[in-house]
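After this come two complexes, each holding chain A, first together with chain B and then together with chain C.
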Partner chain A sequence: MAILSLRDVSVTYRSSGKEVHAINNISLDVEENESLGIVGESGSGKTTLIMAVLRLLNTKTTDVTGEALLKGEDIFQMTPERLSEIRWTEMAIVFQKALNALSPVHTVGRFIGDIYRVHKPEATKEEIRSVVEETFELVNLPKRIFKLYPHELSGGMLQRVSIAMSLILDPSLLIMDEATTALDVVTQNQILEEIKRLEEQKGITRIMITHDMSVVASSCKKVAVLYAGSLMESGPTEKVLVEPIHPYTQGLVESFPTFKTDTHEPLKSIPGSLPDLANLPAGCVFAPRCPKASDICFNSKPEMKDYPGNRKAACFFAGGSNNE
Partner chain B sequence: MSNLKETTPVLTCENVSRFYRKKEKLVKDDGTVTRTSIAKAVNGVSFDLAPGEILGVIGESGCGKSTLGRLIVRLEKTSGGNVLLQGNNVEDLIKKDRLGFRKQIQMVFQNPFDTFDPRYTVEKALVGTLKLHGIGSSTAERRDMVLEKLNASGLIPAKDFMKRFPHELSGGQLQRISILRSMLLSPKVLVADEPVSMLDISIRADIINLIYDTARAEGTAAVFISHDITTTRYIADRIAVMYLGRIVELGKADDIALDPMHPYTKALISNCSSIDPREKREIIKLEGEPPSPVNIPKGCHFAPRCPFVKPTCFEEEKELVEINGRLVRCGSAIC
Partner chain C sequence: MKSYLGKRIVTAVLCVFLALLFNFIIIHAAPGNPIRILAGTDSVNEEMIAELTQKYGLDQPAYIQFFRYVGNLFKGDMGVSIYTGQPVADEIISKLGPTLLLCLTSSIIALILGTLLGIFCARHVGSALDSFLGSISYLFDSTPSFWLGLMLILVFASTLHLFPTAGMFNVRQNAEGFARVVDVLYHLVLPSTALSLTLIPYYFRIARTSVIQVGNEDFITTLRGAGMREDRIYRKYVFRNAILPVVTVFGIQLAYIVSGSAIVEIVFSWPGMGSYMMTAISRRDYPTLMGIYLVISISVAVMMIVVDVVYTYLDPRISRSEGK
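Right, the complex of A and B next:
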């Protein structure tokens, strides 16, 4: 069963007389226990999409349309009471900047205990302490950091604290927005391993939002590729990142330097830059940069279509390679 | 490499160190104490750079890469040791002729938006740089030089880019302009500190190729600082691996990347990112957190996290020794 289903979700920011179409008609399903990576470059709308799902966008300056069904219940229609009920308990988030999410004036143990207390007012001090301790253990945090303030912790520890915080109320959906981006590869790999283990233990489904395809490759079963607010391609990670069928994904994968890259061949890039979201192209959003684009691409929008192997892509010429 | 050695190095670091004094709060079980401690950010680094050579410097954050970069371009003074440009101490060079020195060693930073005055157009910034260094005889001539460089690097139409302000450019475009600004001066050495870390994957290649091509064309030597070994291997002739302010291994880029010897290099490379989920990777796990240069362990700095650690490693630190054409600091890797 899909734990989260997005149906035709669009987000438009209205700022200084302009309409910024940050997310355009996105539909996707996140199946239970199938961690999903949403990859996209900066400005592709990753944070916008998640903030919309979490209902954290400013409703005065932002239009959100479509449906976001959490176990069948539309988040966009929830009352504020219902919303605060499900935050942390059903759906938790870890941001990139852990330090901003934590209170600077409280020790981390105290801060996390407080979150638990708010949702479980009847809990005793002992219960809170043991739950926090248990959660810290899950993410390999030593007990001694209970008494520390956020600024006294290293980046890796802070991120572990954020993850512990998101797990404390046993959510079924965990959303991570660039949560490991600021960390060194060694620490990042360690945390990803821990998260994968946790997921299995606790039956959590994770959405991993990142610009880094390698994070998705090593930690997600499914991947969805976002470009300029539109979905380009989605499917099983081992298919999409190995044999991408959408020209944009193909370009991304080719730009990623690997040890297999012949060091005497020039590295590849995708020429051009992101379109103006206030003035989107009439056809495919990738057409101005696409090596395969032909007339139809500039005039009509390609729909997301099914392809063999449980894959989807939005391209009139999906399949084949970029070099044809 | 043998023919590189015959020429005089363009840049030499002789036992270069940089220590910072830090006020530190220590939390112990029985209360909190404050004390002043010393962070050994860069600790006895030596290497030569041949003219036109590109040296990659890699390591986890906090290992001293940026500090080393700032010491080389003399944005900071060393606490010990010397940096030499073509055999001359940079302290003397900068005292004699600050501007002339700056022209010869240029630095490119991670965030290009920090290095441009937001009130100046690209034209004003770049023409201004040329004028400051007395290159070109008239504004018209300088404009032409800038136009030519922009065009050649694919910032087309160059006339259009000249009129723009930094905030009207993408990070990738401004970083390219930042590199061109440095290279307009035909420096002897270019230090690039994580020049692509902030940029999207799909445009990184443009920056890497630009540094590589212009450095090669001008015969400029470069120090390419990065935490990403795949990119570094691509651009660099040699790679130095740093850990806690020290070089632990230094050798030809392919040797380091494909056949690392030092346990830390091995671990770093085994952890390097791949986008192929099918790849079976033997990731070497490291115990604990990346340490701080304030409490450097006795003996081998890496011992507390090293998967190959032996009791003797905690007692005495090994010297960098030459093995199979590279320098490496640890015997565990060999025996």
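Right, the complex of A and C next:
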């Protein structure tokens, strides 16, 4: 059963009379214990999508439509009380900037303890402390940091604190928004390994938002490619990243450096830039930059279609027909 | 902490000394001679002037006058007013009380009201009341305090006869004990209103901006995402972080407490340091002026240290890095 199902989710930002279509009709299933990587360049709507799912967008300036079913229950229809209940106990998030994820004037332990107390109001100080310290151990943090302030910790430690914080109430869905991007590769690898171990140990399903293909390749079973707020392609990571069928994914993969290459060809990049989200093209959003685009691409929107190997892609020329 | 405080005190003493020196130079460089002013313009007796000039040591070279003054200061002697013949220290002490009463009351009222209004507007950004209070704050910010004072006198004292027009107590009644306190408070209403109204906009804007800023921080989103109730988030985390800039402004403003109210004091004939200083300036009463400026610079220096020390308790980022 899918732990999270997005059905036709769209997000529109309204600002000074303009409508910015940040997310357009995204449907996506996240299966239990199948970590999903959502990739896309900056501005593709990755963060907006998860902020919408978490219902953390400002309701005054944003419209969210569609359904987001968490274990069959629509998050968008939940009462505020129900929403508070499932927050952190069912789904938790780790933010990109770990330093900003903690209050600078409160100790790390106090902040995390307070989050724990939201859902366990009857817990005593000693209980909270021992739970927080246990969670620190899970991510290889020393107990002593309970009494420290965020600015006294290193970047790697802070990211571990953020992860510990997200795990404090045993969520079944863990969302990580560029959670390892700011770290050096060694620390990044350590943390990714720890997360994978914890996932197996605790049965957590993870959604990883990133622009780093190597993070997805090394830590996610499935991948979904986002471009200008629309889903381009999704499927098992080893297939999508090795033999992409959507021209955008192909471009994305080609533009990523690898150590194995023995040629000295310069990296390719995708010419052009993201379309104006306030004024999206009528057809495929990628058409203006697509090397394979033809008339049909500019006139009508390609639907997400199934392809062999449990894959999906939204392109008229995906799969067989593009191998000219 | 101790060595930090020690360093700060040494710097402060140095600053006060430099301020003393500059004040001395400026006062003596200004045109006008206290003895001439004292003697008036009718039938000037040159012999008497020469005698008085010698009596007050004004016939000596400036640097000798300065060192003599500093030497006397170390003996606790601030000199004698050229105009009234009273010891400067006694006069200052008698004027300091009313000023502190007026300024502390106004500052605290402004701090509380301005901050509360700022917090209210920050939580209702864009509402009609927010825009209204915002405009009002600019209006009072750009209103000169003497005009505001005169208008208050015109409306509430002269026309409505609700409050006295000037002074600190009713000279004719000469009440004692509790009645005296009530009388002073009654006289305090209009001047402290005038002073608070010009101070409120600062606190209002700083509190509003600061609360909005902190409200958009990632760690607040984290708390929200963790299901913490909005009022609790604000009470425990937003205000605690947003108070820092407000404290800074309050400290800086308190530093100028002795001199900042001069205009309001003159408008309301408040017997404080401000009006005392203005009179002393017009009389070129050197010892009195030097004494007043000394008290002002000491109060600025002391308040700056107090603010910094308070800050180290409110913001762990400062205490830990500079403390120990």
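Just so we're on the same page, the second predicted complex is superposed on the first by the 317 of 324 C-alpha atoms of A that agree within 3 Å, B and C clash if a C-alpha of one lies under 4 Å from a C-alpha of the other, contacts with A are read in each partner's own complex, and residues count from 1 in each chain.
In this text, a residue touches a chain if its C-beta (ideal position, glycine included) is under 8 Å from a C-beta of that chain, and two chains touch if they have at least 3 such contacts.
In this text the structure is predicted, and so the values were computed from the model without any measurement.
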Touching partner for A:115 - first (chain B), second (chain C), both, neither: second
Chain B versus chain C as contact partner of A:313, first or second or both or neither: neither
Touched partner set for A:152, first chain B, second chain C, both or neither: both
Of chain B and chain C, the chain that contacts the larger number of chain A residues: B
Contacts of A:54 with chain B and chain C, given as first, second, both or neither: second
Which superposed partner A:83 touches (first chain B, second chain C, both, neither): second
Chain B versus chain C as contact partner of A:104, first or second or both or neither: second
Touching partner for A:95 - first (chain B), second (chain C), both, neither: second
Chain C-contacting residues of chain A that also contact chain B: 152
Chain A-facing residues of chain C, complex: 126, 217-219, 221-229, 236-237, 240-241, 244, 314-317, 320-321
Interface residues, chain A side, partner chain C - complex: 54, 56, 60, 83-89, 92-93, 95, 97, 100-106, 111, 114-115, 118-119, 149, 151-152, 165
Residue ranges of chain B in contact with chain A within the complex: 25, 27, 29, 60-61, 170-173, 200-206, 208-209, 227, 230-231, 233-234, 253-254, 257-258, 267-268, 271-278, 283, 285-286, 289-290
Residues of chain A defined as touching chain B within the complex: 41-42, 144, 147-148, 152, 154-157, 184-187, 189-190, 211-218, 237-238, 241-242, 251-253, 255-259, 261, 263, 266-270, 273-274
